[in-house]
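Structure record follows, encoded as structure tokens.
Letters are used for the chains, namely A, B, C, D, E and F, taken in the order the chains are written, and counting of residues starts over at 1 for each.
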Amino acid sequence: MKMITAVIKPFKLDEVREALVALGVNGLTACEVKGYGRQKGHKEIYRGAEYAVSFIPKVRIDVAVPTDLAEKVVEEIINHAKTDQIGDGKIFVTSIENVVRIRTGETDADAL
Amino acid sequence: MKMITAVIKPFKLDEVREALVALGVNGLTACEVKGYGRQKGHKEIYRGAEYAVSFIPKVRIDVAVPTDLAEKVVEEIINHAKTDQIGDGKIFVTSIENVVRIRTGETDADAL
Amino acid sequence: MKMITAVIKPFKLDEVREALVALGVNGLTACEVKGYGRQKGHKEIYRGAEYAVSFIPKVRIDVAVPTDLAEKVVEEIINHAKTDQIGDGKIFVTSIENVVRIRTGETDADAL
Amino acid sequence: MKTTTKKFAALGAALLVSALSVSPALAAVDPEVEYVFNSLLFLVGGMVVMFMAAGFCMLEVGMVRSKNAATICLKNISLYAIAGIMFYLVGYHLMYGQANAYWGGLDIFWGADDAGALAGEIKAGGYAAGSDWFFQMVFCATAASIVSGTLAERIKLWPFLAFTAILTGIIYPIQGSWEWGGGWLDQLGFSDFAGSTLVHSAGGWAAITGAVILGARQGKFLPNGQIGVFPGSSLPLATLGVFILWLGWFGFNGGSQLALGSAGDAIAVSNIFINTNLAAAAGVMAAMATSQGVYKKVDLTMALNGAIGGLVAITAEPLTPTPGMALLIGAIGGVLVVVTVPLLDKLKIDDVVGAIPAHLVCGIWGTLAVPLTNPEANLGAQLLGIIAVGVFVSAVSTALWLFLKHTIGIRASEEEELLGLDRTELGLEAYPEFVSR
Amino acid sequence: MKTTTKKFAALGAALLVSALSVSPALAAVDPEVEYVFNSLLFLVGGMVVMFMAAGFCMLEVGMVRSKNAATICLKNISLYAIAGIMFYLVGYHLMYGQANAYWGGLDIFWGADDAGALAGEIKAGGYAAGSDWFFQMVFCATAASIVSGTLAERIKLWPFLAFTAILTGIIYPIQGSWEWGGGWLDQLGFSDFAGSTLVHSAGGWAAITGAVILGARQGKFLPNGQIGVFPGSSLPLATLGVFILWLGWFGFNGGSQLALGSAGDAIAVSNIFINTNLAAAAGVMAAMATSQGVYKKVDLTMALNGAIGGLVAITAEPLTPTPGMALLIGAIGGVLVVVTVPLLDKLKIDDVVGAIPAHLVCGIWGTLAVPLTNPEANLGAQLLGIIAVGVFVSAVSTALWLFLKHTIGIRASEEEELLGLDRTELGLEAYPEFVSR
Amino acid sequence: MKTTTKKFAALGAALLVSALSVSPALAAVDPEVEYVFNSLLFLVGGMVVMFMAAGFCMLEVGMVRSKNAATICLKNISLYAIAGIMFYLVGYHLMYGQANAYWGGLDIFWGADDAGALAGEIKAGGYAAGSDWFFQMVFCATAASIVSGTLAERIKLWPFLAFTAILTGIIYPIQGSWEWGGGWLDQLGFSDFAGSTLVHSAGGWAAITGAVILGARQGKFLPNGQIGVFPGSSLPLATLGVFILWLGWFGFNGGSQLALGSAGDAIAVSNIFINTNLAAAAGVMAAMATSQGVYKKVDLTMALNGAIGGLVAITAEPLTPTPGMALLIGAIGGVLVVVTVPLLDKLKIDDVVGAIPAHLVCGIWGTLAVPLTNPEANLGAQLLGIIAVGVFVSAVSTALWLFLKHTIGIRASEEEELLGLDRTELGLEAYPEFVSR
């Protein structure tokens, strides 16, 4: 199984969620994060003093999926999180050794 | 070493923490997340308009443990996070290659 | 590629970020978390009742880096997040199988 | 300033009746004491009405998403500032000058003329010119406050302020002159004690035309016919806002008695306080009951709007109703709010804070309800006033909104709206430290 | 309404003394001017007391967890609405009617009877009937506000409102009639100027019986004897609430002079303002010092409660103390609060906002302190009043809480409580956008 | 208390002129009625000025980071408490006693002396002694409120309160006696109607010396010359604070007419209301325009400070300007704020909420502007007053800050500051549930 972790623009969350659901993904976990990257933030002026906003609000989503679905999921995230502008975010894929559904104790693919 | 990541119901956090401590786990890191899953959220009415609440508040905990403790930890999380109702959450187990304690530079099991 | 996940004291975030940038790291993602560890929290009194503050605010940073940079990054985080006091935090290193830049579809090191 | 008829002529039968019945007592109060009492009523009443600006601000900031919260604060404080300046520059003269039955006068720069009183000639019923100006000004500001809530989260700052300047300097005063300036509506028997139509509906018409021309927020009306829901970011602040408005309304309606120089006036103001309070209370309870009945749960934001609906409804005639009638009038206001909010959704009119149901709809209801308790009012004149103000304010507002739209533009870009106006227009955040989802 | 003795009889010696000593001057003011002044005191005082509803709301919303914040807002605005309606329906008559020494009268629907004044017969000491009603009504609402804070986070909405209706319509008025309606307590020499017992302790008794019957919040009293701590979600809003209450208290105590028609009254009201302010100030500083001494740190929430403790303590007699005595009375109030909060924990009574220490305990203290400065009061009568009100309100409240408990139920389910009443009772969130832990 | 000249002598020409021109009318009002009116002005004015304490608190809590929010709340409520107590203990006598031209008197424990009035001897222009005390006290508290905002986020609680006690008990009253106590500045023709210099600049001087001695917050002035930016945690609360201050200012300036017993006074108070409102409005708009011009965007916090700048600027003379002049005076205040905020950054003076630009700088400007509209004032005396107060308050404050610094210490440790004073000094959090970045 794979864990697909994507850092995306916050206003894309719902679109991405819907796309993944359409793909048969049954769940995901989202979290508000702050991102630093090429999209350097910007200068702002507050009370006459200029300062750099280094971190930009992003949303991080974690989706655990069976390995065979992983590629499709990455693709769909790209399709729906993309605005073609800097700061669209990254996707990280890692291996998960085990998944358990707390309610039932089911493991692996059954747990998803 | 393993990283046990669990998404649980927020009001179970303290119970789970205490159970893990009893097991000899020395630390964990918690984070507020929003979960989408089978527990589909629910319909709400706000100012006369119906809408679906897709994401439900959850807490994510990350616990790094020596490999031999991993199974026990998963079990204990299940025991204490379970309410037998939909939305109890998931546990993901992944491998960690290295752990470092920042204060001392200790690594691996010593760092936990 | 490696994902370096560090849990640090919140007021060290900017210093760590600057150090990593100086090292050539192009991006990172930060998240507010609550940590439980040896730094046991402390007793507080609120309205005459004593209680233990179990969780302490921390910041978690995730940095994806090429494998060869990983060691350097861990070192720099240690150098800059250290206050030599309990609660300085931990660093976890895991493997990432793939990274994708959403905007361009680039993968692996190119995506960072 | 020439002598103005002010609202006096407009107060209609109720006051006349009570004035007559209490006249024997009136003679007793020394004119200068009366002068001070009257001025004091304007000043204290005006102060709490001024504070309604804070009430609107808190209500609106609580009902918008946090990404637009700082912008709505800026709009509220600057619209109050602009209203004061415009009312000084042209508004007061336009409303209360004596040019003709359609507008007051085109003079600029208001100035107090208290020469008579300062020379010792104090007539019965007098008051300091400035106290009256202050009281009338805060009413003008109230009308402008209504607009900002409806158009929140998508209108650009400067065009909004430009509209506000014209609304407070020209549109509001002209229609106000028709009634409170002793103009044609007044002469035809229209009755609007404290401004259900002249303040609240007028503001409501300016808001609804703006909402239509500006369009709804992105995601509000979805292609599949669903309604997007954007819960307000801080219901406690919204609640505070309504409490402040409720407080201010005692000044709004009570002060509109325009006199406190006799036992009769003290009685009138007292009864106005009671009716105002009971109408608001009934608005709350009726909105709660209706939302419990229709939706099987009580919606706090509906209860808040219900309070305002009740207050607006009683504003056209807070003096003549018995307390029981005040309860009824307010309760209907509360019901109307709960019913109208989803109706606007059906019409695809996006009103962020529910100002149109509370101020426009309940303003109309309150105005129509006057003849129920005030024998000197008649339904025909009431309808005429409602329509005249509606047509005039809507027409001029529409023209102005369209003009602004096609010149400097009124709407934030799609991306600005998505990111929130605070970041894109002001370059800051209302709650920079707090993680919002 | 028949003529009522109101609080007059109850004002006790202080007023009598001062009234006598200033009587030569009193003759000078024209009765109608006096009439307006008196009414104005009621109206302005009543307005700021009304605003105390916002103060309680902010204090409570700041002290509860955010998952119950919207619910407490709804409770506060609706309890104020209900108080107004019930006081109109039956409360005022029950309190100030002249039936007998135990209750006022069973008439329904209050209506102003100002016929005399409107006919020109204005007696010395007069005021508009409505101004008095308004002022008395906001006191009634205050008593109800006290209850909501104690029972927050676990009581269901509708049963709470049902209790509120009976409290404001029946319980509060009956015991109020004993003193301010010229009833038996008044006749026995009990003295409670502005309501330490009649408003604050009465509300406190209703709260404490509710707290006992309703039980503590889950997790408040842990099996191992530890106290669960649930820090308030927004101390800035709680602080704002206390400032608003402090402001309102000038109306509460100052307005309870019930007259502003003479120099003597102006002096009395002024001294009441000073004593009220100094007692609150002393309450703050004493609470801070006590918490620094006992806990080695200053607790903001204790300082806030201390202000209220001082205010409640001075309320039974804000006129006769010298400023120095007012400081002392308030300071003891502040200390009492800091001492009583953990005591309640020991008794396993869960009072979310500290209303019982501030209102009930300090209300008792303030009532007992009256004889210290008011020679016409005596400890026996004070004790009698405290006990009578305590027994009556507790007994009736207990019966009513039990009745509600066994019929419609008063307590949210375990799960509802865990998830928060906002989501389960209202279906919304107070701060939907903000991540709370 | 002996009779005091109070501010009367200080009101200068403006009042004299108007007093003369209206004198024919003055005779008409019965002295006791006048007495009540005057007292009422003090009480109602004082009440809203008291509420300014809440305004300062909200402004400051909104402008600090959330980790210091509870501490600033505690400072604000306790400084208000202390001001009242100190003004009672020594302040009032020191300010308004008749000892000499440099201080009022060294008596302790103020007490009302209304014996004359109570005996029926009511002279024209009278008022209840307590009403005056209350009104003067809230001014004293205002001066102290200014300091807390500047020094926020790094000063320890108890040393701050110790400073506050001396400021309100000794420093403020002594310099106040020079002018409003009829002292030497007054005798030399200095004119400061409601306290641009005596309240606002005085508070500003105490704040700026504290800021210099205390030093800037960590990270505020970076080694590379950059300015650290710490955005305020809740701009909606800051906005609410400014609205409350704006409201309170009607009492501040209007009440400083010190009389409402005649048509002339009613006219004066009314005109003061208008000028106060227009100056604030102009301050908002000028600050917005300036920040749009200079920074190409509007900064809400600058608009908020601009309102205060306009209000402070008009405070030295809110009576004699025409409305147009009031607009101008306020607008310059608004511009000064926007210009001075970054200037302080250049001087490496860390003023968390912008109190120095708004209160000190605009206080100076307002005082200098008096001769523009008040023919009895002269620039020389104004300069003298500004300098005298500046030198005195700065010198004594510096000495006191240094003393505190070298005894109990005034600054939180580096770590305490990093973690926030809420956690380290109070052991709690202002928003314990909310995740802040």
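Following the convention adopted for this analysis, a residue touches a chain if its C-beta (ideal position, glycine included) is under 8 Å from a C-beta of that chain, and two chains touch if they have at least 3 such contacts.
The structure displayed is predicted, hence computed values, not measured ones.
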| item | value |
| --- | --- |
| Reaching chain D from chain C through chains that touch each other, fewest steps | 2 |
| Shortest contact path, chain B to chain F, counted in steps | 2 |
| Pair of chains joined by more contacts [C-beta pairs], B-D or C-F | B-D |
| Copies chain D and chain F touch via same or different residues, half shared test | different |
| Centroid spacing, where centroids are CA-atom means, of chain A and chain C in whole angstrom | 18 |
| Between chain E and chain B, distance of the C-alpha-averaged centres to the nearest whole Å | 46 |
| CA centroid of chain A to CA centroid of chain E, Å | 53 |
| Multi-partner residues of chain B (each touching 2 or more other chains) | 31-32, 34, 44-46, 55, 94-95 |
| Two or more partner chains touched - positions in chain F | 30, 33, 40, 44, 231, 234, 240, 297, 299, 301, 427-428, 431, 434-437 |
| Touching pairs - complete list by chain label | A-B, A-C, A-D, A-F, B-C, B-D, B-E, C-E, C-F, D-E, D-F, E-F |
| Contact footprint of chain B on chain A as seen in their complex | 3, 14, 17, 26-31, 64, 94-103, 105, 111-112 |
| Chain E-facing residues of chain C, complex | 34, 44-51, 55 |
| Contacting residues of chain E [partner chain C, same complex] | 226-229, 231, 294-295, 297, 299, 301-302, 338, 341-342, 345, 354, 437 |
| In the complex with chain D, residue positions of chain A that touch it | 11, 32, 44-46 |
| Complex interface listing, chain D residues touching chain E | 18, 21-22, 24-25, 28-30, 33, 37, 40, 44, 48, 65-66, 231-236, 239-240, 242-244, 246-247, 250, 254, 260-267, 269-271, 273-274, 277-278, 280-282, 284-285, 288, 297-301, 303-304, 307, 322-324, 327, 431, 434-437 |
